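Letters A, B, C and D mark the chains as written, and numbering starts fresh at 1 in each.
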Amino acid sequence: MGESITFWVLAVVSVAAALGLVFSRRAVYSALMLGVVMFSLAVLYAVQDAPFLAAVQIIVYTGAVMMLFLFVLMLVGVDSSDSLVETIRGQRFWAIVAGLGFAVLLGLGIGNAALTAPVGLADANAGGNVPALAALIFTRHVFAFEVTSALLITAALGAMVLAHRERTEPKPTQKDLSRARFVLFGQTGKNPAPLPGPGTYAQHNAIDMPAMLPDGTVSPLSVNRVVARYEASEGKLAPEVERILQEETVSERANGNGARPHGEEDGE
Amino acid sequence: MEPAEIIQHSGGVIGASWLMIALPLLGAAILLLGGRRTDRFGHLLGVAMSVAAFVVAALAFFQLLGFAPGERRRGVSLYDLIPGITKIGLLVDPLSISFCLLITFVGSLIHIYSIGYMAHDPARRRFFAYLNLFVAAMLLLVLADNYLGLYVGWEGVGLASYLLIGFWQHKPSAATAAKKAFIVNRVGDFGLAIGIFTIFATFHSVSYAGVADGIAKGGSIPFTAIGLLLLLGACGKSAQLPLQSWLLDAMEGPTPVSALIHAATMVTAGVYLVVRSGPIFQATDTAQLVVTIVGVATLLAGAIIGTAKDDIKKALAGSTMSQIGYMMLAAGIGPAGYAFAIAHLITHGFFKADMFLGAGSVMHAMNDEVDMRKYGGLRKLMPITFVTFFIGYLAIIGFPLLSGYFTKDGIIETAVEHNAILGWLAVLGAGITGFYMSRLVFMTFFGKKRWEADAHPHESPAVMTWPLIILSVGAVVLGAFLVLGNRFMIFLAPAVGRPEELPSFAPFSPTGLVTLALVAVGAGFAWVRYGSAEVPAVAPRGSFLTTFARRDLYGDALNEALFMRPGQWLTRLAVFFDNRGIDGLVNSLAALIGGTSGRMRKVQTGFVRSYALSIFVGAAVLVGAWFVVGNL
Amino acid sequence: MTTHYLVLSALLFAIGGVGVLVRRNAIVVFMCVELMLNACNLAFVTFARQNGNLDGQVIAFFVMIVAAAEVVIGLAIIVTIFRTRRSASVDDASLLKY
Amino acid sequence: MPWLSILMGVSVLGALGVTLVRNDKLAKQFTLGVSLVVLALAIAMAVGFNPNGDKFQFVEKYVWIRSFGVHYAVGVDGIALVLILLSVVLVPIVVLASWHDAEAGKRSVRTYFSLLLVLEAMMIGVFAATDVFLFYVFFEAMLIPMYFMIGSYGGAQRSYAAVKFLLYSLFGGLLMLVAVIALYSIADKHTFMFSDLIGTIQDVNTQKWLFLGFFIAFAIKAPLWPFHTWLPDAAAQAPAGAAVLLVGVLDKVGTYGMLRFCLELFPDAAKYFTPLVITLSVIGIVYGAIVAIGQTDMKRLIAYTSVSHFGFIAMGVFAMTTNAGAGATLYMVNHGFSTGALFLIAGFLIHRRGSQYIADYGGVQKVAPVLAGTFLVAGLSSLSLPGLSTFVSEFMVLVGTYQRYLVPAIIATTGVVLAAIYVLWMYQRTMNGPTAESVKKLPDLSVREKWVIAPLLALLLVFGFYPKPLLDMIHPAVKSTLTTVQVSDPAAVVPVAKEAQ
């Protein structure tokens, strides 16, 4: 009786999660949804007398593979939401038809397959699920097992080869960088010296205090935009910093959009 | 009396009678292959070969006379031409030897005449080569002992006439006339070929002896079919009605050619064929009747055309056509007419060649002017040509005691006796002949001068006038010699047979008198119109009848409308069908394959998801199919 | 009871299928593939129980191994494509066509 | 003495040798030498051939593929020997004729001449093969050298013509392959030897299908009416020498195949299909002639005349009388000489003036009388003027066909009249009339060219007057073919005493 309850709960959860996986706008949410599905499946395995598989599911599958997904998601741009507008003509329609068709067919197939009551794994798991599994793997399927090990090694190697990028030009040495800075200075007049570190100003060494130039004016370079934006939203922005920001936005608008705001999601 | 048996023979001149063919052939080969080097002596070699052939023919003739009349058919077998079909051999018998004599004698005279006529033509060597080729082919035609040999000679003669008509190749009209002659002859040869096939299919042999033997054995032999087919061949070659259009255009060739080929020898080949296949024709009345009808029809057509032509050579060509009509008529009558047909053929060969050469010398004098309206009053300036031409004229209209009188009246009498309507039509033809021949003579030699400004006629050189004189002598004497006492009929009897009782020649028989009267009327009418009255230099607009005659009874127009234009249309259609139809089908098949593959390519959109979709749908279909099969 | 499991696995499989076809972000497509694999695992485990021998589970176990290897390679490919084309959309990589 | 293998060996080695020779002039002379040697050997072989001996002579038989029973078996009977002599005579003439043909394009002259020799080897092989499989191999292999000769040395649309030729023949070859395999399996004698396969297929229906397989391939090869459209393109685009070999010998393989394989292997089917084939060939005769009349391009015109001539040959083969069969075989030989001469002279003319269109010529006779003269003789042989050899064969074909089928023979004889029209009209437009401007300075035949044309015309004349030697070789072979087909000549209505024959 307990089993059918767990089944129905988990069934509903996993199907909802699966639909969430498919139809969520943001990739991260889909990843999480998949995680939920895997968890529910793990539990179902456990219910079906496959404790070892449940463990492996959670540890290896959800733990490692899902994390790999998230890791790659982060690399590729976590918030890249892709629009749900379908570009290929007739793709969505046929996809739905095929999906429904498939589900109906399988359902029908399974429906009228006259299944007797499950034999149950009681005697198979007699000495415990793991030893029985181990006996099976290392006697009948040992060859397959060895092949999978080879498979995993090649997969790892393959991933390394694919992701590896050969450096096409020599690693820029320090001399190269400095020469580049002075060339940039010649062209754009950008100060070749590094920016002053935060907190090294005359009166206070706090991060939000702007450095003073010899002629007593505030050096716009030393204002930290993010902090300034936070203070502006809190209303505690110092008047001279605000004036500098005004000037800067005016000059920025005058000569085009200049530097892009930080965090703009590339691509798409 | 039936024709005699053929006796195999090998000795004497007859045994070497193949020389008659070989010598001119050798002459032609030397002249053609020799090239420039033979230019100097080319014409002399030509004449020599032709005369040599005549000598051999004469010797063979005398050797033949030596034998008893019954064994005068001598076969000389040469070699096995096509194993399984026929051996080739020569048949020297009265019929063929008389033809050989005519061909070689008249041919030699014309060769001599051409020395003068073609004196200043750059390609004279080629001319004599073709003349020799013609003589050789004609001799092969008459001497061959089977239909296949005859056919080889037949087409050889057609080729020679093509080469000679188109001798002045740079003239487009000559080239077209030559092509037309060859193709119309080819149509005739088509009929002859089918005839020969039928003969072979029936007898499994094409030799005359084999055919005669087969007919004697009897059996269901398609006589009429063979007869009509041979007649079609004869019409093609002898320019008889359905296939007569080429003869008038053939006048494009040099005059000696017209004299030799289109008057004396080649055009008579058809008559030879009909006479030689006597046994076949005698066994079918319908075919013989058709021959006579064709003869009479051509006779009248030729005469009518002769009346309307201003070009002297075309007028003579018209008269040739009608005279051969007479011969066909006689040949169609059967054994009774054969002797007269061949006799008329020989005398016609003489006086027609004489007149053609006379016309040639007139043209030669009037620097190649052919329009009679530009002649007039040449009688005093060219006495020899005038006298010889006049004798030929008298002979052809059947002036009493000249050769034409004997042979043509013989034909008319046998025709009237055989079939009254045809006979009287022949008499009418004789009348018209009287008219147009006199018109021709009066316009050319009598009346006032109508010459072009730069024309100053003079008598032709001796080398041209001597052949005229010899021919005119023949025109006078030959008729009487052949017909009186039925000498020629008896001579020919072993070759072609003859009627039981010999016809007695009554000089003033009723039909003879009527013909003479009609001829006199025609001549008188011509004298009134052309002799005494003023002949306009430009052809007056004639009535419907004259234009009808001037346009060769619309023979050409008919050919064009019935064959030429639909032929061109058919060719264009066939070419179009070939390019578009069959080729189109093949190319469109290729394009179809190209097209479908082009479209099939579009399936690979490049989007991974559409491939995934096709996999998924495939899987779904598979599962579905699996269920369906599972549940069957 | 087993039919329920099988129907669930079919449903998950179908949803995964549709996800693969519909979504354009490479990684989400990849996740849907993972979902389909898990659905199959579920079916295997159910049949193991149904037939009373552990072969089903061994197969499921191997499926997991293969899935892991596949994910590694798949994501490596997605990363390389992203690095060259700055986009992880499946439709962008459509040069290999007619 | 393994004559046939020597012949083929010499020409193949010659072909290899030519590729090694450095400068072109030497290569050409070497090729000419090799082809003359092959000619001499072939004549020596022909002299040794005894017409009334057994059917196949100079037989050689080695096992090639044991498991399938495929033998390298070669042997010659009257028909094959005559055709081998034809090809062996034509090749030196073609080599001499295409002395400068190969130089125009960028392709090397040496390859052209080595292809020529390879083609010669295959031509001999295809006629000599007495093993059906070997015959099929040569039948397909012949296409390759011809494809390259047309493809890389031809005229403007050479690639289109070459590909079309190849695809057409390969399609035919495919059908034949199916038939060969079916024949092998149904007969299941585990051998491809032709002599063993005769009479093995009894059931008429299978015979019909196998016959169709073979027949369509041969009908495409010897272009019968509906399958002929590749020939004008291929012949017009090919260089003159290649066109001669294509029309002169390669197409004969089709009609030879009909006579040898279609008739002997499937007699009942052959009799069943005879009306169809005769109609096709009669259509081909008349259709080919009519389309030839309408052509503007000289080489296409000659190609269409060959379509008409092949109609005659096919009709002769399927009329199944000794006269028709012997006539058809003789026709194959004569057609090789007459169309060969026509193509070569047309090639010389085109080589001089550069254009293939008849309209660009006029009055050449005045400028180049010898060329015009030879062109006329070649043309006359094409319209089968009596006194030339083509007349003998055409007469035999028509007489033979007339014995059994009246109407087709009569319609075919109209082809003779049409032939006169297209030859003379072409001759008139190119040679007669006023000399066209463009043709004023046309040089006459050079000595080399005279040496090319003289033997062909000489052969036409000699066999025109005395065809007995050839016919003595052909007759026994044709008689034995017809006996295997159990067909006898129709008797004469009134049998006449033999001596009067």
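One rule holds in what follows: a residue touches a chain if its C-beta (ideal position, glycine included) is under 8 Å from a C-beta of that chain, and two chains touch if they have at least 3 such contacts.
Chain labels with UniProt names: A = NADH-quinone oxidoreductase subunit J; B = NADH-quinone oxidoreductase subunit L; C = NADH-quinone oxidoreductase subunit K; D = NADH-quinone oxidoreductase subunit M.
Not measured: the values here are computed from a predicted model.
The interface holding more C-beta pairs in contact, when B-D is weighed against A-C, is A-C.
Computed centre separation for the pair chain B/chain D is 36 angstrom, with centres defined by C-alpha atoms.
Mean C-alpha position of chain C lies 67 Å from that of chain D.
Centre-to-centre separation between chain A and chain C, using Cα means, comes to 18 Å. Inter-chain spacing, taken between the CA centroids of chain A and chain D, is 78 Å. Residues of chain C found to touch two or more other chains are 17, 21, 24, 91. Annotation for chain A: residues 88, 91, 94-95, 98-99, 102, 106 touch two or more other chains. The set of chain B residues that touch two or more partner chains comprises 605, 607, 609, 613, 616. Applying the touch definition to all chain combinations yields A-B, A-C, B-C, B-D. Chain contact summary for the complex, chain A toward chain C: residues 3-4, 7, 11, 14-15, 18-19, 21-22, 27, 30-31, 34, 37-38, 41, 44-45, 48-50, 52-53, 56-57, 60-61, 64-65, 68-69, 72-73, 75-77, 80, 82, 86-88, 91-92, 94-96, 98-100, 102-103, 106-107, 110-111, 113, 115, 118-121, 123-125, 129, 132-133, 136-137, 141, 144-145, 148, 151-152, 154-156, 158-160, 162-163, 165, 266-268. Against chain D, in their complex, chain B makes its touches with residues 32, 35, 79-87, 148, 151-152, 154-156, 159, 162, 166, 169-170, 172, 174-176, 179, 182-183, 186-187, 189-190, 193-194, 196-198, 200-205, 207, 209-211, 213-215, 217-221, 567, 570-572, 574-575, 578, 582-583, 586. Here chain C touches chain B in the complex through residues 17, 20-21, 24, 29, 90-91, 93-98, going by the rule given at the top. Residues of chain C that touch chain A in their complex: 1-8, 10-19, 21-25, 27-28, 30-32, 34-35, 38, 41-42, 45-46, 48-55, 57-58, 60-62, 64-73, 75-80, 82-83, 86-89, 91. Looking at the complex, you find that chain A touches chain B at residues 88, 91, 94-95, 98-99, 101-102, 105-106, 108-109.
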